[in-house]
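Common to both upcoming complexes is subunit A, partnered first by subunit B, then by subunit C.
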Partner chain A sequence: MNNKFFPSNFLFILIMVMGTTMTLSSPHWLTMWIGLELNLMGFLPLMNIKGKSLEAEASMKYFIIQSMSSSILIMTSLILYNYNMSWYSMFNHKMLSTMMLLSLILKLGGAPLHFWLPNMTKQMTWLILFLILTWQKLAPLFMLTLISNLNILILISLMSTLLGSIMILNQTNMQVIITYSSISHLGWMLSMIMINNSLTFIYFINYIIISIPLMNMLNNYTNNYTYTLTHKNKINKLIIPSLILSLAGLPPLLGFLSKLLILISLMQTNFIIMTLLLFMGTLISLFFYLNMTLMIIVKSYFLFENNNMTKPYESIIMLNMFSIFVFYILINIIIKYAMTILH
Partner chain B sequence: MGLLFSLIGMVFINSIMTWEVRYWFLMISSFFSLKFLNLEVWGSTCMNWLYCDNMSGVLIVLTLWIGSLMYLASNYSIKFMMNKVNEFSLIVLLLCLVIIMFFMSVNVYMFYIFFEISLLPTLMLIIGWGYQPERLQAGMYMMLYTVSMSLPLLIGLIMLSKMYNCYNMMLIMYLNCLGLLYNVNMLWFLSMLMAFLVKLPMFMLHLWLPKAHVEAPIAGSMILAGILLKLGGYGIIRMLSTYFLNEVYFSKILIVLSLWGGLMTAIICVGQSDMKSLIAYSSVGHMGLMLAGAMSKFMWGWEGAMLMMVSHGFCSSGLFCLANLLYEKVKSRSIFLYSGMININSVMCMWWFLFCIANMGAPPFINLVSEIMLFCSVYLYSYWLIIFVLLMVFMGGLYNLIMFVSTQHGSIMNFINSNFSNFCNEYLLLFLHFYPMLLFIFNIGYLNNVFVI
Partner chain C sequence: MAMNSELMLGLYIYMVGVMVLMFQWKHILNILLSFEILMLGLIFSFLLTYGLYNNEYYIVMIIIVFGVCEASLGLSLLVSLIRSHGNDYVSSLKLYKL
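Let's turn to the complex of A and B:
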C-alpha cells in the first residue's frame, strides 16, 4: 500500500470518480446518497497512501464527519419521502431542505461548520489536500442547486467568505492557509449556486486551474511553513506570486475574472450589500496574500529567475497570467452570458 | 493601434542593447504620438475597444514622454550599477503599455481593469528597486489603499452599466441621459469617485503617496508623480463627463476639503526635511487644486485641470529627477545636508531655480496658466475660497523658495570635499522635462478642443 502506484489505488481512484459522477447525474436522493458514500469509500484508502499514523487519524476524522453528514442527508431525505411520497429532488420542504443543506455544508466545510477542515489538513499530503479542496467538493456543491433555500445559503456564503479571510490572517502553516482560502472561495461559489450554477462551475474550474500549479509548487519547494517562502530556492519568482495574487483576485489575473462574473450576475439580481460584503472578505485576505507575495519577492533578492521553469505547468500559468488577453476580449460575450441565463 | 502593437512587440525583444532599444522606441513613439494632440474634437476610435479623444491624447503623449525619461533618469542607478537591467526596462515598458491602454479604453470594465493593473508594475518597481526595507510597508499601503477604494468603483460601474444597458463609455456620453443622474445620492457619487480620489490623492486619503515616493526608486517616483496621479485626475474628469454626476452638495465639500488640503500640505512642505517627501506633498497640494477646479464644474476649471495635469506631470517629475541627482551624489535625502550647491555646480543651480519657480507657478510656464484658470474657476464658485487660494499661493511660493535656498545657497557642508560633476545625459534629462513645460504654452489653444462636447 505504501507505493503510490500500488494497483488497487487505481481502483480506489475509479471508485471515487464514479461516486461523484453518480451523484451528479441522478435526480434521486437515494442514488445521490449512494454516490456520496461510494466516493467516500474510494477516497478513504487514498488518504492513507503513506501509511503514517497522522494520516490515519486525519482519515478517521474525515470519515466520521463525512458519514455523519451523509447519514443526516439520508435521514432527511427519508422524512422527505414520508412527507412528499417521492424521492425525487424537485420536491422541497422548508425545514427538511434546511437540514439537508446544512448536512451538505458540513460536507463541504462551509463557514459555521468548517472547523474540522483546517484541523485535519495539517496532517495531509498536498495531493490529498488538493483532492479534498477540489474534487470532493464537486458533488455536494452541485447537489446544493437542487435545494432552494436562498436565505440560509446567502448567510452561509457571507460567513464563509468573511471567516475564511479573517482566519487566514494569523496562520503560518501553508496547508492551513490554502484551506482557509478555499473556504473563502467556497463562499463565493455558494453565493452563486442558487442563481446560476454554470457560473459557479466556471469559478470552480478557475479555482482548480489556479490551485493545481500552486499546490504542486508549494509541495515541491517549500516546507509547509510560510517562512520557507523566504528561502532562496529554485522556484521561478514570478510564478508563485502571480498564482497567489490570482487567488486573491487581483485584476489582471484569472482569479479576478471569475469574481467579476459572479459579481455581475449578483448585481443583476440586486444583491448589492452582499457583493460589498463578499468583496470586504476578499480585501481582508488580500492583505495576507500580499504579505506572502512580498515575502517571496523581497527576501530572495532575485526578482526574476527565468531559467527554471516547470514545463508541464507552463500553459496553465500562462493562462493565469495572460487571461486578460485571452478572456477579456470575450468579456462582452461572457457578460451577456452571465446576465441572460437568468432571464 | 500600431502604437500598442509595437509596444507589445517591444516587450518581447530580447537581445543585446535591450535597454537602449526600448528607450529609443519610447522616445520615437512619443514623438509620433504627438499626432494625438491634433485629433478632431470627436476623437478617433479604433476597433470597439480603443478610443482616443483630446482628453486622453495629451495624457498618452505625457505617458510615453515620462516613460522614456524614466530610462534616462535611472541610467546611473540601474544601468550603470547593473541592477537587474532587463527586468527594469521590461517593467517600465509594461507600465507604459498598461497606462496607455487605460487612457484609451472605452469599455467600462477595461477602464476599471487597466486602472487596477497599473498597480502591479508600480508595486514591482517599488519592491524590486527601492532602497530601504520600509518599501514593503509603502507598497502594502499603496496596494491596500487603492484596491480597497476601487472596489466600490467596480460595483458602481456595474450598476450604472446595468442601468444604461451599455458598457461603452463613449456611447453613454453621446446618449446624453441628463436626467438619469441628476440629483444623485451621496453613495453614487462616492462610489464612482472614491477610487480616483485615492489615486489622485485627495487630502486625507493621501497617506500612501509620500511613503511610496520616499521608498520608490527614481523611476518609480517619476511615474508616480508624473502619470499615476493623472490616472486619478483623468478618471474623475472622465466619470464626470460620461455619467454627468450633477451633484452639487458633496462637490462643495470636496472643493473645500481639497483646497484646505492644499493649504495644509503646503504648510507641511514648509516644515519638511526630506526632499522627496517635500515634493510628494507639494504634488498632493497641486492635485488638490486640480480636484477643486474639476469639481467646480466650470469649463475653465476643467480645462485648467487638464493643463494642471500636464504641467504638473513634467514639473514634479523634473523635481524628482533633480532630487535624485543630488541623492546620487550626497547619498542622503535630508534637505539639511545639501546646502551650498551653487558653489559646486552652478548650471544645476539654474535648473533647480527653473523647476522651483515652475512648481510655484511663476510666469513663463504652463503651470502659471493652469493655476490662473483653476483659481479663477474656484473664485467663480465662491468668493470665500479666495482666502484659501491666497494663502496657498503664498505658502507654495514659500516652500519652493525654502527648497531652493536651502539646497543651493549657504556654505558648503564640510564633508563635501570632492567636485561633483554631472554627465550630459543628466542635463538632457532636465532639458527634456523643461522644454515641453515651457513650450506647451504655444499650444495652449489645445484646451479649447478638449471639452467641446
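Let's turn to the complex of A and C:
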C-alpha cells in the first residue's frame, strides 16, 4: 500500500487537470460546477496515495467541505437563474451573489471560513499540500472574477491577510505555517480581484514560482517541525532564506514584485486604508519569516556550501532572485501597451 | 419572476438537508446521507424550474450522474477511513487534536 507504483494515478492527474480546464473555459455555471466536481474526483484519490490514517481523515474533511460548497454554488446559481431567467446576466441580487461569493471563499479557504484548511494540512505530504495551495485554488479564483461584490471582497481580503499573519505567530508545524502564509497571500489576491484581475493571476503565478522550490527543499531537508531548521543538515543557507524572504515580500525578490504591482494599482484607485491594513498584515508575518531565516542562517559557518540539491530548480530560483530587475519593467511596458490598445 | 412555488419546494428540501447536515456530530455516514438530501433538493429544483421552463430535462440527468459519482466517492472515502480507524465516529478523527 505504501510506495507502490499506481498507473491509475495518471488518470487521476488527467481528470484533475481537465476539471480545472473545463471550469476555466466554460461560459455556463452548470459546466463550471461540473468542472469543479471533476477536479474534486480526480484530486481525492491522489490525496489517499499512501494509505495512512491521517490522509484518510484529511481527504474526508476535504471531500465534505468541497462538495458542500460546490452544492451551495450550483443551488445559488439556480436561484439566480430563477430570479432573472437567464444564466448570463446575473448578480443584480445582492444577497444571492454574496452567498455565491461565500461558497467560493469556503472553497478557497479565505479568512472567515478558513478553519478547515490548517486542520487538514497538518502532517500532510508536501506535494499534496502544494497542489491544494496552488492548483486547487485556480478554478475558484477564476470564478470569483465573474462575481462583482466589492464591499464583502474587501472585508474578506483584509480579514484573511491580517488573520493569516497573526495565526502564524504561534505555530510550530511547518505545513501549518505554509498554509497560513498562503491564506494571507490569498488576501492579497482577493484585494485585486475586482480592480484588475490580471494582477491577481500575476500574483498567483509568482506565488507558484516561489513555492515550488521552497516546498521541495523543505520536504527534502526538514522534518514537520520548525526546530529542525536549526539542526545541522545539508540545507542551503543562501537559497532557502531568499525563498522565505521572497514569500515575505522583501525588495529585490520576486514576492516584492507582485506586491509592488498590487500596491501601485491600489493607490491609483484610492484604497488608502485598505493598503495600509494589507501592509500591516504582511508586516506581522514578516516577523515570523525573519525568525525562520534567522534559524537557518545562525548555524551557518559557510554561506556558500557546494551541494547539488538545487540542481533541477536553478532556473526558477534565478527567476526568483533577479526578476525584479527585469519583470517589473516588462509588465509595466505590457500594461501600458494594453492601455494604448484599449483607449 | 422572483420566487415561484416550485423553486420554493426544492429550496425547502435543500434547507432541510443543510439543517440535517449541521446537526450530525456522531457518524460520518450520516453526513454523507445528508449530502444525498442536498442532492435530492438540487435535482428537484432543477427538474421543476430549469427543466420545466425550457424542456431541457437532460440537465437533470447530468446532475444525477454527478450526484451519484459524488456519493460513491464519499462512500469509498468512508471505507478507507473505517479501514484505518475501525469506526466512523467524528470524535475519533484525531487530526484536529494533534
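One rule holds in what follows: the second predicted complex is superposed on the first by the 311 of 343 C-alpha atoms of A that agree within 3 Å, B and C clash if a C-alpha of one lies under 4 Å from a C-alpha of the other, contacts with A are read in each partner's own complex, and residues count from 1 in each chain.
What we mean here is this: a residue touches a chain if its C-beta (ideal position, glycine included) is under 8 Å from a C-beta of that chain, and two chains touch if they have at least 3 such contacts.
This structure is a prediction, so every number in the text was calculated from the model and none was measured.
Between subunit B (first) and subunit C (second), which, if any, makes contact with A:119: first, second, both or neither?
Touch status of A:119: second partner only.
Name the contact category of A:82: first (subunit B only), second (subunit C only), both, or neither.
In the superposition, A:82 touches subunit C alone.
Which holds for A:67: it touches subunit B only (first), subunit C only (second), both, or neither?
In the superposition, A:67 contacts subunit C only.
Check the residue A:53 against both partner chains and state whether it touches subunit B (first), subunit C (second), both, or neither.
In the superposition, A:53 contacts subunit C only.
Which partner chains sit in contact with A:198 here, subunit B, subunit C, both or neither? Use first/second/both/neither.
A:198: touches no partner chain.
Using the touch definition from the top, say if A:276 reaches subunit B (first), subunit C (second), both or neither.
First partner only, subunit B.
So, A:315: does it touch subunit B (first), subunit C (second), both, or neither?
After superposition on chain A, A:315 lies in contact with neither partner.
Write out the stretch or stretches of subunit C touching subunit A in their complex.
For subunit C paired with subunit A, touching residues are 1-4, 7, 11, 14, 21, 28, 31, 35, 38-39, 41-42, 45-46, 49-50, 53, 59, 62, 66, 69-70, 73-74, 77-78, 80-81, 83-85, 93-96, 98.
If you look only at subunit A, which of its residues touch subunit C in the complex?
Interface residues on subunit A, with respect to subunit C: 30, 34, 37, 40-41, 44, 48, 51-54, 56-61, 63-64, 67-68, 71, 74-75, 78-79, 81-83, 85, 119-120, 122-123.
Along subunit B, where are the residues that touch subunit A in the complex?
Residue list for subunit B touching subunit A: 84, 87, 107, 109-110, 112-113, 116-117, 119-120, 124, 127-128, 136, 139-140, 143-144, 147-148, 151-152, 154-155, 158-159, 162, 167.
For the complex, which residues does subunit A have touching subunit B?
Where subunit A meets subunit B, its residues are 245, 250-252, 256, 260, 263-264, 267-268, 272, 275-276, 279, 283, 286-287, 290-291, 294, 297-298, 303-304, 324, 328, 331-332, 335.
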